[in-house]
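Letters A, B, C and D mark the chains as written, and numbering starts fresh at 1 in each.
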Amino acid sequence: MDVVEFTPSFEQYAFTFGGVAPVMRIKPGIALRLWSDDAFCGALRSVTDLSSEKVDLRHVNPQTGPFHVEGAEPGDTLALHFVSMEPARDWGASAAIPFFGGMTSTDRTVTLQPPLPDTTWIYHLDSVARTVAFEARFSDHRIELPLEPMLGTVGVAPAGREVRSSLVPDRFGGNMDTPQMRAGTTCFLGVNVEGALFSIGDGHYRQGEGEACGTAVEGAMTTTLIVELLKGGAPAWPRLEDDTHWMTVGSSRPLEDSWRIGQAELIAWFVELYGLHAMDAYQLLSQISETPIANVVDANYSVVVKARKALLPPVTAYEGLHADLRRRAATLL
Amino acid sequence: MDVVEFTPSFEQYAFTFGGVAPVMRIKPGIALRLWSDDAFCGALRSVTDLSSEKVDLRHVNPQTGPFHVEGAEPGDTLALHFVSMEPARDWGASAAIPFFGGMTSTDRTVTLQPPLPDTTWIYHLDSVARTVAFEARFSDHRIELPLEPMLGTVGVAPAGREVRSSLVPDRFGGNMDTPQMRAGTTCFLGVNVEGALFSIGDGHYRQGEGEACGTAVEGAMTTTLIVELLKGGAPAWPRLEDDTHWMTVGSSRPLEDSWRIGQAELIAWFVELYGLHAMDAYQLLSQISETPIANVVDANYSVVVKARKALLPPVTAYEGLHADLRRRAATLL
Amino acid sequence: MDVVEFTPSFEQYAFTFGGVAPVMRIKPGIALRLWSDDAFCGALRSVTDLSSEKVDLRHVNPQTGPFHVEGAEPGDTLALHFVSMEPARDWGASAAIPFFGGMTSTDRTVTLQPPLPDTTWIYHLDSVARTVAFEARFSDHRIELPLEPMLGTVGVAPAGREVRSSLVPDRFGGNMDTPQMRAGTTCFLGVNVEGALFSIGDGHYRQGEGEACGTAVEGAMTTTLIVELLKGGAPAWPRLEDDTHWMTVGSSRPLEDSWRIGQAELIAWFVELYGLHAMDAYQLLSQISETPIANVVDANYSVVVKARKALLPPVTAYEGLHADLRRRAATLL
Amino acid sequence: MDVVEFTPSFEQYAFTFGGVAPVMRIKPGIALRLWSDDAFCGALRSVTDLSSEKVDLRHVNPQTGPFHVEGAEPGDTLALHFVSMEPARDWGASAAIPFFGGMTSTDRTVTLQPPLPDTTWIYHLDSVARTVAFEARFSDHRIELPLEPMLGTVGVAPAGREVRSSLVPDRFGGNMDTPQMRAGTTCFLGVNVEGALFSIGDGHYRQGEGEACGTAVEGAMTTTLIVELLKGGAPAWPRLEDDTHWMTVGSSRPLEDSWRIGQAELIAWFVELYGLHAMDAYQLLSQISETPIANVVDANYSVVVKARKALLPPVTAYEGLHADLRRRAATLL
């Protein structure tokens, strides 16, 4: 299986979903190996690089893409299977950006208080131990944490002629910031425009659920993925599948609405997968759902709603595509 | 180690935190074995028992207690260690109560729409396989699910002379509805009134995160717990510890505020445990938190914020009380 | 018409709705003239009195009452008609209490930011001009504002055996903080316990909608009111009537839920008053509602939903009680 | 003063802010007389026209524009003064669109309940009496209501390369749905792109605050406005001025965040206008704000925060532009 590699120049970075010409036309079934810059466009390289001084807010969360998938039409389903994600630098950065994050007032949850201290943390990567090192800034603590690469941002062009910032997740995916978006996961997105125009970015070397301070261990990433297209069947909101779980992602405000969206989408999926009545799917999921918060910081907040396959009768979604993609992925590793 | 057993009569059921005379005075260090009725006071025993007909809304979520802990004063910390939780009936019940639950309008998120169909599900328990059986009501599906007993409701009398319904979680604990409240967990609650006046109830034979439909597999429960008292050090919000995680629980509306509360409480705990500056604790937790939603249905919504001990340097909280309680618990099993 | 006067001693102040023995038993039809202390129990008397130093948070928002209304039973409707409200001191106080108010993080909308500067403003009353004087604290501005007395807090004992802080509004009324609670208004509250056990307090010499900083021009007040009882017909949430408007008050979180509650209650009232179908009442109110926010600071937020009588066919509520009370009130002035 | 008239063809309708080529280039100082279609593109003309059958959701809330204002650059302030708004048809329409509106579950506040009955109301206009007639659909009530024309939607192209649906309000203005957007009001908007690219639409013959059911008395409108440009000084969020009030509009979710935004913007304006410290402006506004909800239905909810000029010392904003525009407008009537 061939793999097409692509590394964007800075001029090719996309900062929106929609509104950008594709960097490449690809056929379904292709594998891509994509380099993506970190959310700061690499501007934070030491603890003395402050986000208020170094980060150009017009240039955050750069996307690699968009890719035009041949044959993709509105109403179709785009499947992106993540084969691998490997850090492309030996350090990652995190920052408490003034008035950005979950434990500060923001430009939406406004208060008159001063911002938290603008602080940058640099995480050095140990590629042998596969760890990143937290080093406290206000004392001498150092803690090695396992590397767990993921992509914060995966999405397609929105519906309704909209163009949306790469900072905001919504129906089209985007900046959902869930640790579930990792190697081994297949992401299903509804296609809104001809060619789907998907892009990826915002690599995280690891991230806690909620992305509390607004930034993960942000790092340039090399992502290998396989692109597939299913005609029709577009889900209303992003769906994820891995070997162990069925998952959906809702993104809105307040957070209970994100949860409602994810729960409704998983109920709808269970009606399809198991032939359950919606009331029975609602009941069953009430007893088995896992509901990690993904982010509480990206203007729209995201919740993942999950169901463990091992608890359920065996079924396949999308004609067994995920298992098939896992097999194909194995040939690439 | 002696164990004091207590099974309340219906007249002894408590339906509030605060406002009720204690059923018993106990000394710290005691073990209790408590029977608690299910959230419906046992009113739903077959699928033809509808909540709109059989459940008296003045008599829901009955508590076993309150217990007066000798020596407990405002500002102290009550520790409840759960040794075991065993189903006390061979069936559990769940219901889609009209205008109650996460995927319906409610008396607070009001709409003009009609309610969902009032439906009851009965789960039969297989005590050998340790499963409960989901049986669909609108088709013929049947799925055996693992028994995972937990308590929906654990709390103390509130501060400020308040008396609160056993349906609503808040600073005092109460109806948090987290699956983390299970055997092996120690729950730390701030004492607000002399004697603490804690109670427990709302046994669940299993529950998904979020408790989507508003009710778990509700069942009568026999709970064995050890009660300890620490002078001073009252946490602002409930803290949980088990062998693998540090945890806090925030309960409010909207759901992001519950998350904020839990995150702030865990940051505060990390400042205590590890000597980190709050900004560093905020950063570290941003990269390691787990944030399962507990409930989105109980008027106040609950979020659990967790940190895995294995990721962190070894420390103990409350002078190693949890480990000590685990040892004591082992003598009771 | 006789008027019974009552001024509580400090020991008689109530700080909750429910949970307090009545200060007096009264018969329906009676007029009362009640003195109430300000929300700070008079602790802020000059700009150098800081809330963090002088205000005992266990003793805020003192209520005058509760009054046991003879014959009042659960399900009945208590009507309180406000005849007059007169400042009982020649100054009022307002404060930016740390971590309290709408433009700061709070104990529920938690952030890690420092509090706003603890600041007290004293408003001197000109009883001839009927003004209170805003005097800036950080510059030399002085602005005379019209005196517009109102009560922040009016409520009855809650249902379900609950006892609630006088700081929090809910179904039982309480700290709704709406400028509509003024002389000339009749407030209808559902009775939850025998005797209704209503109380009033939290006088404001004036207040903007939203009560942005969390405190109005707080002042001791002399309130004359007439108490009436209607058998049955308890509204689900507080209803207000004055000469120009039908009004309801919803109190919850987030603020859209407060609005939904108020809107649903006014739709329900319109169905009663005009014989409209709920869908038609919904449509009609969509075109005529006025919806001032009352408070965004009291843990539960309040919204008033209003409809102007002049836009509507003439009808009376509760057998014309408001007009009758207006006539009776005129004899007291 | 000349007036340029413009009536778009259907092909010229804009359904987004941003992403559309201008229909005209104009110079600051110009007066425009613009025809705008109703929010349904005229699809609902009788009570038997149901929104689920007749309304194409890709074609709702059509805008007249955008207009390229010569010389407008990012950071400038666009002033739109509304001279007159006159109904352009003798009927308006309102509808309870399934799963759209404030008293129903929606695609964001999702429940499993069925929708409310899809219902259309037609309001006939009496141009002499200047009324529109509410006619109940489920009974025989008929109520004449005063004509009070306003525009639901006024906005400019968004920042950050975004293109946003004309259904959603945000920093750029858009579908704020406030009755304050009427003849006599000047609207100040920050310019984000060269030429500002403003448009207007969504005429309402009248609307209650909150726009409860999601639709006002929707009608085609002829709007006369004067366009002015101020170099620099872009407000963060829309500001309004009329003869009696200073106003700001915040739009977000949940509704308390909309209020916070509006309150912060008015505090910022007061700091500019009166030279007050932000803490004093916060205090003063706490005692004088009026805070009508504008909409609770447009994905982002809007709140208007107002201060009555008569309560305050005389000052002018933007060098007295509003008064000047009032004078110029008088020559056009």
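In the analysis below, a contact is a pair of C-beta atoms (placed from the backbone, for glycine too) under 8 Å apart; a residue touches a chain by one contact, two chains touch by 3 or more.
Bear in mind the structure is a predicted one, so any value in this text is a computation, not a measurement.
Interface repeat of A-B: among B-D, B-C or C-D, the matching pair is C-D, sharing over half of the residue-numbered contact pairs.
Comparing the chain pairs A-D and A-C, the larger number of C-beta pairs in contact belongs to A-D. The distance from the centre of chain C to the centre of chain D, each centre being the mean of the chain's C-alpha atoms, comes to 32 Å. Here the spacing of chain A and chain C, counted between their Cα centres, is 47 Å.
Each chain gets a centre from the mean of its Cα atoms; for chain A and chain D, those two points are 35 Å apart. Shared contact sites, meaning residues of chain C that touch two or more other chains, fall at 103, 109-112, 116, 253-254, 260, 263-264, 267, 279, 282. Across the complex, chain B is touched by residues 94, 96, 102-103, 116-117, 119, 121, 134, 136-139, 141, 143, 145-146, 206-217, 253-256, 259-260, 263-264, 267, 274-277, 279-280, 282-293, 296, 301, 303, 305, 311-313 of chain A. Taken together, the chain C residues at the contact with chain A in this complex read 103-105, 109-116, 254.
The residues of chain C lying in touch with chain B in their complex are 15-16, 18-19, 58, 108-112, 160-165, 252-254, 257, 260-261, 263-264, 267, 278-279, 282.
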